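You will see subunit A twice below: alongside subunit B first, and alongside subunit C after that.
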Partner chain A sequence: MMRDLKRMVRRMKTNRASLRLSMVPYSLWIILFVIAPIGLIVYYSFFDLSGNFTFDNYKNFFTSVYLKLTVSSFWYAFLITFFSLLISYPTAYFLTKLKHKQLWLLLIIIPSWINLLLKTYAFIGLMGLYGPVNALLETVGIGKQQILFTDFSFVFVSVYIFIPFMILPIFNALDKLNPALIDASRDLGANAWTTFRRVIWPLTLNGVKSGVQVVFIPALSLFMITRLIAGNKVITLGTAIEQQFLVTQNWGMGSTIAVFLILFMVVILLLTTANERGMAGSGKKR
Partner chain B sequence: MERNGKLPKIYLTAVFLVLYAPIFYLIFYSFNSGGTMSHFESFTWEHYAAVFEDKRLIIILLNTVVVALLSALISTAIGVMGAITIHYMKNKAMRNAMLSMNSILMVSPDVIIGASFLILFTLVGIKLGFASVLLSHIAFSIPIVVIMVLPKLQEMSPTLIDAALDLGATRKEIMSRVILPFIKPGIFAGFFLALTYSLDDFAVTFFVTGNGFSTLSVEIYSMARTGVTLTINALSGLIFVITAGLILGYYFITNRPKTPARGVKR
Partner chain C sequence: MKALVRGAILIAATAAILMIINAQLAKSGAQSGGNTLTVYNWGEYIDPDLIKQFEKETGINVIYETFDSNEGMMGKIEQGGTSYDITVPSEYMVEMMREKDLLIPLDYDKIPNIKNIDPYFRDLPFDPNSTYSIPYFWGTLGIAYNPSLLDGQTFESWDNLWDPSLKQEAVLVDSAREVIGMSLNSLGYSLNSTNVDELREATDKLKTLSPNIKAVIGDEVTQMMMNNEAAVSLIWSGQAADMMSENEDITYVVPEEGSNLWFDNIVIPKTVKNIDGAYEFINFMLRPEVAAQNADYVGYSTPNKEALSLLDPEVVSDERYYPDEEARDHLEVYKDLGLEMLGTYNEFFLEFKMNMK
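Now for the complex of A and B:
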C-alpha cells in the first residue's frame, strides 16, 4: 500500500514536471504558428486595398465569379481524390501481399522524395507535342493529341503527385488488419467481394479517410500545377489566393478567400475527428 | 493470394512504371548532348559537369538541404515534446483542443499556410529569406512529427513507467531509458516525413521567400516558364541516385538485425 502510494505521488510529480518542460515550445508553436496566422487572415479579410475597414471582400466572394471558382475547385479536388483512391487502394492491397512489402512501400515513397517541381517539369516534357506519349500515340495510329494544358493532364499529374500520400495510410490500415478475420469471413461462406465490402473496407475505412484528408484539401488549393500543366485554364481557390497575395497584392481579398478555404477545411476536419474519436473509443474497449 | 494469379503483379508493375516514368525520363535526357528534352542526339556527361560548375545552383541546392535538415531536426525535437505533452495531459477537453490545433496545420492547404505566414512575418518584421523559410518549414513539420509519435506513446504500456519508478529511476532516466527508446520508431518516421515535406515543399516557400533566397522548387518553378536547361535534369539524376541510395541503404541497415528481434518483441 505504502509503495503504491509513493509510486502514485512520484508518478504525478513526474508527469507534471515533464509536462511543464515539454509544454513550452509546443504551446509557443501553437500560439505563434497556428492561432496567430489564422487570426491575422481573418483580420485582414476585413480590409480593402487602401487599409479601410470593409465588408466588401465578403460581398465580392458571393458574386458569381468566386462561387463558380469554388464549385470548380471542389469538382477538381473531388476528381483528383477519387482517382487517387481508385488507384491507391488496390496498390496498397497488393503491396501488403508481397514478400518484402516494406521495401516495396519504400519504393513507392521514393518518387515523392524527388522534388515536386522536377516531376511536374518532367510531365511537361512527357506530355508535350514532341514528347514520348505523343510519339506512342502516333505509332499506335491515334495521332498527335494536345495533352498538355487540358483538364486531363491537370487531373493526371495531380493524381500522380498525391498517390503516395494516399497509399501510405491505406497500406498501414490494411497491414494492421488481422488476416484471421478474412479467413473467418471466407470460412463463413462470404465470397471475395462480400469479404471486401463487409470486412476489409469497413476495417480500413480510417486509413481511407485519412488518405482522403491528405489529398482532398491540398487538391482544393493547388496552384503550381494549374499554372504549369493546366496552363491557367484551371483556376482553383489556391490559384486565386496566390494571385491576390503575390500578383495583385490585394491581401484583403486573398484573406477572404482564405477564410472560406479555412471554413471548408474545418468542416472536413470535424468530419474526420469525429471519426477518430470513434477509433480511440474502440481502442480503449480492447 | 495464389488465386489472384498475375493480376496484382501486372497492376503493381503498371503503377511503378508510371511512378518512375517522369524520373527516368528526366535522367535519360540528362545524358543528351542535344540540349533539349525531345531529340536524343548522343551520350554525354557534360550536363553533370555543368552542375558542379554552376555555383548558383549549388548554393540553391545547399539552401534546400540545409533548410530540410535543420527544420526536420528542430521540428522533431519540438514535435516529440508536443506529443508527450498531449499524451500525458489529464484534462480531456484541453487534450482534444490541442489535438485539433495540431491537425490544423496538417490539413491546411499550403497556400493558406504560405499566405498567413507571409502576413505574420511581414508584421513581426522578420526579413523574408532564410529565416522565414526555415521557420515556416519547422512550423508545418511539427504536427507531422506529433502524429507519428503519438500512436507509439499510446502503444506504450503505463506499467513500463511504473516498473521503472519501482526500480528507482529518476525522471530523466524514465525519459531517456524508457519513453524515448520505446517511441524511437515514431521519432524516426516523424523525422523522415518532416524531411520529405520540407524537400518537397514549394507553395509555402514560394510565399515566404525573399529576393535573395531560393530553394530548388522555387528556382525550378521560375525556370520552368522560361525553359530549363539539361543541367537541371542532371541535377535531378544526381538527387535521385543519392536519395534512393540513402533510403535503400538505411532500409537494409535497419532491417537486418530487426528481423530476429521482431519475434522477441512480440
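Now for the complex of A and C:
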C-alpha cells in the first residue's frame, strides 16, 4: 500500500518534470513566432517615417478613409462568410449521408491544395469577356456580361476558395452527431424542421463557429484577389497593409492597421467562442 | 513515447538531408567574384543570347537574377546577402539608392563605349554628371487603346479618358504616382507636384473618372489588352509595345498635355565583388550592335544613338517610341519626393480607389 503510494508520487514527479521539459519547444515557439511578432507590430505602430515616437498613426486610422475601409472589409467578409456557410452546411450534411463520405470529402478538399494564385488566375480566364462562362451566356441568349471586376466575381471566387475550410469543421461536427438523437426526436413527434432547429443545429453549432472563424478572419485581410478579381474596386484592410509596407514603406502605418486587424480578430474569436467552455469543441478537431 | 522519439528522429534526419541538399544547391547559386558576374535585372529585360555572347567573349560566367519592383530590389541590395555586381533601378530609385549610399561612382575611363549614348540622356536631374548611372532603356507613360473596340474615340488629350462613351472601358495601372500624375497633367500641373491643394484637385477630378474605369490592376493589363478584354489603358510605352506586337489593332499615344518620361539605369551597387567584370559588362551592353539587338528584343527605347541606325527605321522614326526633343519638352522625369510625399500620394490614391463604385 505504502509502496504503491510512493511509486505513484514518484511517477507524478517525473511526469511533471517531463511535462515541463516537453513544454520548452512549445513555449519557445509561442514566444518566437506569436508573441515576438505581435510585439514588434505593436512597437512599430508607434513610429513615424523618420523614426520618431508618435501616436499619429492611430489618429490617422480614425480618418474617414480608413474607417470606410474597415466597414467595407467587414461587409465583404460578412458576405463571404454568409454565402460560404449557406453552401457548406447543406453540403456537409449530405456528405455525411453518403456511402463513401471520406472520399467525397477528399474530393472537396483537394482544390485547396492548389496554389491560391493559380486558382485566381484560372478565374480570370474563366470569367473574361471571351471566357467559357460568357460563351455559355451567349449561346443561351443572355449575351456577354462583364463578370470580372465586379462585387459578384469577388464574392464568388472568395467563397469558392473558402468553402473547403467551412465544410471541414461542419462535416466533423455532423459526423460525430449520434443518429440515435435524431431518431429519438422524430419518435417523440418532432417534424424534420424542428429536429433540425432544436437538435441538429445546436449540436453542430461549434463546428459552424469554427468554420466562421476560419473563413471570416482571413476574409477580412484578403488582398491579392481584390486586385486580380475585383480590379481594386473592392479594397480590404489587407490591401492597405500591403500598400503601406511594399509601396509607401511606411511600416508604422502598416503596423497600425495590422494592430487594428488583430484587435478585430480577437473580438471575433471571443464572440464565437463565448459559450463553448465545458463542451468538447468537436469541430475543432480534424 | 518510443514512437514519439522515433518520429522526432525521423523528422530531424529529413530536415538534415534537406539542409545538405539546399546548401549544395546554394553553392551553385548566386556567388560572384572570381570569374562570375551576378546581374540583377527586371524580368524579360535582356536578350538571353547577349548573355551567352558575353560569356563566350570574356569567359565570365553570368548569373542572371530578376526582380519585379524597385523597392524589392533595393531591399535585397540593402540587406547585402548576395553579391550583385550589376542592377537596373528606375530613375527615382537611383536617387534613393544614392542617398542611402548603396551605389559606387562609375569610372568612365573603363567605359569607353559611353560615347555611344546620346548626350541628351546624360547628366539627368536624378543623377547629376551621371556619376552613378547610365541609362539602359527609356520610355513614356501614355494611353494604349484599341480603335476596333471603340467608336472613333481618339486620345489627343488626357481629358478624352473622361468621355462618357467609355463607360467601364478604361484599365489603369495600380500605381499611385502614375494615376495621380495623369490627373495632375490633365490639370496642367507638374507630375512632381508636392502641393497638397493640387493633389486634392487631381484626386477629386479622378473620382469623376470612376464610371469609366473597368479595373485598376498590375501587369495583367497587357494580357487583357492583347485579348480584346479591355479597350483603353493607362500604360508605359514598353508594355504598349508588347501589346501591339501581339494585337495589331492596338495603338499608343502620349497625350499633348505631357506625361512621364522614365529611365531604367545600369548601376554598380555596393554589393559588387567582380568590379572589372561589371565594367566589362556595361561596356559590352553599350556597343551599338548589342544595344540594337537588345532593344529589338525587349521593345523599349534605347538611349544609344549609334544603335538607332541599326534598328528598324520604322520604329526609330515612330514618335510614340522615340519622341523628338520638342515633344520631350512636355515630358517630365519623376523626382524622388521623399517617403512622406509618397505616402500622401498613396493616401489620395487609396481615397480614389475607395470611391470607384
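We take it that the second predicted complex is superposed on the first by the 266 of 286 C-alpha atoms of A that agree within 3 Å, B and C clash if a C-alpha of one lies under 4 Å from a C-alpha of the other, contacts with A are read in each partner's own complex, and residues count from 1 in each chain.
In this text, a residue touches a chain if its C-beta (ideal position, glycine included) is under 8 Å from a C-beta of that chain, and two chains touch if they have at least 3 such contacts.
As the structure is a prediction and not an experimental result, all values here were calculated from the model.
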**Asked** Touch check for A:Leu137: first (subunit B), second (subunit C), both, or neither?
**Response** neither
**Request:** Considering only touches as defined above, state whether A:Leu228 meets subunit B (first), subunit C (second), both or neither.
**Result:** both
**Request:** Kindly classify A:Gly254 by the partners it touches after superposition: subunit B alone (first), subunit C alone (second), both, or neither?
**Result:** first
**Asked** Touching A:Leu203, do we find subunit B (first), subunit C (second), both, or neither?
**Response** neither
**Partner touching more residues of subunit A, whether subunit B or subunit C** = B
**Request:** Check the residue A:Ile163 against both partner chains and state whether it touches subunit B (first), subunit C (second), both, or neither.
**Result:** first
**Asked** Should A:Leu246 be classified as contacting the first partner (subunit B), the second (subunit C), both, or neither?
**Response** both
**Message:** Per the contact definition in the header, classify A:Ile87: touching subunit B only (first), subunit C only (second), both, or neither.
**Reply:** first
**Request:** Mind working out whether A:Gly128 is in touch with subunit B, subunit C, both or neither, as first, second, both or neither?
**Result:** both
**Message:** Going by the contact rule set out at the top, does A:Trp29 touch subunit B (first), subunit C (second), both, or neither?
**Reply:** first
**Request:** Under the contact definition given at the top, report the residues of subunit A touching subunit B in one complex and subunit C in the other.
**Result:** 124, 128, 130, 228, 246
**Message:** Help me check something: in the complex, which residues belonging to subunit B touch subunit A?
**Reply:** 1, 8, 11-12, 15-16, 18-23, 25-26, 29, 37-39, 77-82, 84-85, 88-90, 98-120, 123, 139, 142, 154, 161-162, 165-166, 171, 174-175, 196, 199-200, 202-203, 206-207, 216-217, 220-221, 224-225, 228, 232, 236, 239-240, 243-244, 247-248, 251, 255
**Request:** Please name which positions on subunit A make contact with subunit C in the complex.
**Result:** 49, 65, 68-69, 72, 124, 128-130, 146, 148-149, 227-228, 230-233, 235, 240, 243-244, 246-250, 253
**Prompt:** Any idea which subunit C residues touch subunit A in the complex?
**Reply:** 69, 71-72, 168, 171, 174, 176, 213-218, 220, 224, 227-229, 339-340, 342-343, 346-347, 350-351, 353-354, 356-357
**Request:** Quick one: which bits of subunit A touch subunit B in the complex? Just the residue numbers, please.
**Result:** 3, 7, 10-11, 13-15, 17-19, 21-23, 25-27, 29-30, 32-38, 40-41, 44, 87, 90-91, 94-95, 97-98, 102-104, 106-126, 128, 130-132, 160, 163-164, 213-214, 217-218, 220-221, 223-224, 228, 237-238, 241-242, 245-246, 251, 254-255, 258, 261-262, 265, 268-269, 273, 283
